[in-house]
């Protein structure tokens, strides 16, 4: 592996990411599966980095799930997206920060379509106006939230309490980065580092002291694939894809996986459990699986937030081995206690994977 | 009377841009007809790509021998051929009769005709990011492998003998994604040649050629292909390489579809050779502007006046083209084209 | 004449006796093995034969083949004489020798060595004048054998004198046996000559003995007598001891082979006793080398039958299998073999026994699709050919024929690749007003013979069943096929009750002779190439020629009838590389067209294609020629070429 | 093991790293013309068995070359060895012998 080669390619895929003044939209999946991630993105941005990030409860889904399940027409989606932009325009923002990768891909695609076919844009404007009375401007910059963290990775590193380094050995942690398919595979120039060798998460890992694992199935989908998961008869296919990735990364003995997509951390986390239960195969050390994190969780850990505040207890694969390696203190007793100290209930002990 | 005419011809001068095989052969042809030739070469040696090649298809002739013969002949004709090294064309000014050519080293040459033989550039394999050239060890281009053959050091970067080698055809050719929609003509046969050479070196190695179409159009090419299959047992897989990754032990994992079976396949190899195609040389646009030449919108090589009777003519008076600057050509084709260009220039100057 | 020694013994008989006892023991053991490996039915046949009148034919055959070598005489007189002089001469020496014993020392009959060394143990007296007849006879046959041995020596150097371009290369075991054989009779001659002043002798031994007597006055009397008898005895021993491992085993096995063959036993499997007797009966004479086109046409000497039998005999199965996979099975070697070894059948048996080829074939996919509709009495070809010129008469014929067809036509896989044959046959059927159905017009299934020729009987039989059903379903009484490969199996293996199987050469001749079609004679010259499967395998030689005399100027070549050449593209030779096949085809075509003709006619789609690929001569199937020369105004002209 | 009502799917990818090259080399050694094939499909187009089944000699040869013996084993018994393919092959491939050799190897390795 020649890093210089990758750097040359990264140079070709530079993207302008504003430092400040964002209109933030949440992800349907993430606010349900990893609510602490979005919460901590806002917290880090606003409190630690003192940025202006605006959020409104009036925004809706982008419609991406319906779009990718082939049940909502693109014209409808465009109106939904236009409404989100109208909210941004009304709030006086020009930079649009997206939590969800699929949304990000969809926004990028729609903006590209509007720019290529102005008559479609005119139609969308007309439809939005007729339906809601709103008007909108296309954002000057659309950034995925991971783009912003990437942009600010050095500032975070400067304030970091912990590094992606094994405290005992001093060795960098081996980190698998997994990029959501809709991030740059459709529009490579809209992603940091392009589609083949994306730099967005690799840059964070680098800046926070970890070592990037480049394994053969790095580019492969996490297995979510919308229809493949949502339709039960296809679920085996979804599982097989995840399995393929884990088989491929296994020889590299990664310490953790970091992702920037709603579905990826979820499926790479939960499918490890399913593979263990159906195939008896576990990955990672001591049959504990390979912990999977969102980039906000990792940023939070680096910044010294409490693992349980970051919501790591909702992971199927326990984060403890990584916390131990990084030297992050945690209270095992508090793991399944809610914010108000109430017991959340422990998960059932699975047969084949050690989790709690 | 004859002598006078000969002497008059002697005065006529041709400036040739490019000291590769086309430029050299054209220079020799023109000198043979009594013209004075300035052969302008941008590097410090003649030969172009030929100088970097080991053996030539279809019969494994050593490239060096052919180059030596050309260089020696140029040397022998030094009364009529002047080679200007480390120089490029700066500008050209048209005069009543002929042209004034200023070179980058400030030499001013008078020319009755200019022949552009600037050749081609090899496709930069880095542009096909998914093939991992420059990123993964043991992914090399056909030119890199040729250099290894020349140095007699065909091994992996860690010194291992390759046990499995794959050749990828059409890298940077027939590919709209890199705006090269044309076929580079020589890569198929070069891949087959190099595959055979690998098997000659390492008979136990398994060699795979990943092709889209095998274009074995010229004399002895099909026989080479047959020999590669029957004698050397090279595996031919009809399918384009989709992606490349490095395995934990530093090998190259490749994915393709065997389109004849309709089944995807994967394979780990020790060495992956990308058959890089030809593209118009970097100076094409600049030269086109300076010399008032047309460039094809479809393949970016120089446009000739037509494809049949004026295949070496340009739309600019007194400026001619030879060799691979007008599209991919094999070495024999280039040499023939150079001789044909010399003939065209001769007709132009004697008309 | 009376005995010289009261004990009738000398130590020099020991080597001979060792050899003799060994050979007798070997013979008994071998016979037991052979009989044991035969199925009970064959054993019964063997026993029955002994008491049938046919035994006399067997005795005659043994006499003619083993002793007189009649078959070799037919090939080359010198070669025939060489073989029969040794065999017959030796035989007569034994016979006359025994008669002598009966005459002069009847009490010594029980001593097996006595006739062999008779001249040593008996001395001449005044009373033996009558013995001069024996002296003459014995010397005469000795001379005969000696002349044969001399020729055998000459043959090793000048084989062309004997009509052979090639002969076998001998391995050490064969050489040892051969040199021992060569020594026996010259040594006997010497021994008898040296002893002749005591024992007496005929014109040869006594004649030479007198010269020797003259020498004797200078040296110790009789010093050479016993050493030469010793040497003679040792030569016999060496010959006998090497017999089971040399080419000369055939001296013992050939008679058995003839007996078994006449008893009706065949080489039905690889390990059958008859097959081993055949293999041991190969004398490696090499007479099969010249006819073999693999040898003459493609330099594949190692694939010749003589090498194949050797490989089998010595357990070199891989080489034997390779030879079997190369063999064209044209039967030219079988034709040439003086012993009658059916090496082609042996090869087929070997292929069949190579279990690795056996595989559960699955031809159940051939169901109703393969069987054509019995109502289909015309074909697409016919529609094309007929054009608009159908007369009321022919239309009437077709109409009258509603119901069962007269003929079922099976073109065969190969004929589909030579559509002009099919086309011509259809045209002829139409011209003759034959009600026919085309069994495999749209490509049928294989007849099964290719599988059988690959050694796969069970697979072949499955197809036989499928085709039989389809053929019988048509209700036709005649099956006409265009491919001799199919013809052979239809005729020999299929059980087609009430259906006559005809190759189109036979059928066309019938049509001509019955006047159902008429032809005119063209000015073209042509030769006929007998396809192996039609000629040597099926014995159809006359019919094609009878047809061709009517349609063109038929010339002859030296390669006709049983001497016909193979086109090299036999379906049997699955292992032979295409280049070699082509070499054989080219060589055969060159030989047949040494005197140029306009067209080479054959009657097999494979042969046609094979020669057509060479491209030097026009090749036509006999059906094409007949179709071209048809006189039938109601049919449209022959389609454009 | 638990049953979730779904599970891993068998991959359709041919993994050439698992190919047994010796088998291919054995066939090529016994019948060198095996390597001559350039997959024109003439054999398949003329095939007698192919009229009734999906028997495809071009594909089978290729499957052997890629080590996909299972698929080959299912198909090979359909061949009638009639030899039409051999006649039409432009590369002089001894197709019948190849079918027989494939049979032989299948048998020897008990793949059938």
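A, B, C and D are the chain letters, set down in written order, and residue numbers restart from 1 in every chain.
Definition applied: a residue touches a chain if its C-beta (ideal position, glycine included) is under 8 Å from a C-beta of that chain, and two chains touch if they have at least 3 such contacts.
Since this is a predicted model, take the numbers as computed values, not measurements.
Novice: By the touch rule set out at the top, what is the minimum number of steps from subunit B to subunit C?
Specialist: Minimum number of steps from subunit B to subunit C: 2.
Novice: If I average the C-alpha coordinates per chain and also across every protein chain shown, which chain's average lies closest to the global one?
Specialist: D
Novice: With chain centres defined as C-alpha means, what is the inter-centre distance between subunit A and subunit B in Å?
Specialist: 47
Novice: Just give me the whole-number Å value for how far the CA centre of subunit A lies from that of subunit C.
Specialist: Centre separation, subunit A to subunit C: 84 Å.
Novice: Taking each chain's centre as the mean position of its Cα atoms, how many Å separate subunit B from subunit D?
Specialist: Taking the average C-alpha coordinate of subunit B and of subunit D, the gap between them is 40 Å.
Novice: Give the residues of subunit D that touch two or more other chains, as numbers and ranges in rising order.
Specialist: 32-33
Novice: So, with touch as defined above, which chain pairs make the list?
Specialist: A-B, A-D, B-D, C-D
Novice: Under the touch definition given earlier, write down the residues of subunit B that touch subunit A in their complex.
Specialist: 126, 129-130, 132-137, 243, 245-248, 253
Novice: Tell me, which parts of subunit B touch subunit D in their complex?
Specialist: Residue positions touching the partner: 206, 225-226, 229-230, 233, 235-236, 238, 255, 258, 260-261, 263-268.
Novice: Where on subunit A is subunit D touching in the complex?
Specialist: Its residues touching subunit D are 232-233, 235-237, 239-240, 243-244, 274-275, 277-280, 351.
Novice: Would you tell me which residues of subunit D are touching subunit B in their complex?
Specialist: Subunit D residues touching subunit B: 12-17, 21, 25, 28, 32-33, 35-39, 58-59, 62-63, 65-66, 68, 91.
Novice: Quick check: in the complex, which residue numbers of subunit C touch subunit D?
Specialist: Residues 325, 354-363, 365-366, 369-370, 413-414, 416-417, 442-446, 448, 450-451, 454, 456, 459, 463, 569, 571, 574-579, 606, 609 of subunit C touch subunit D in their complex.
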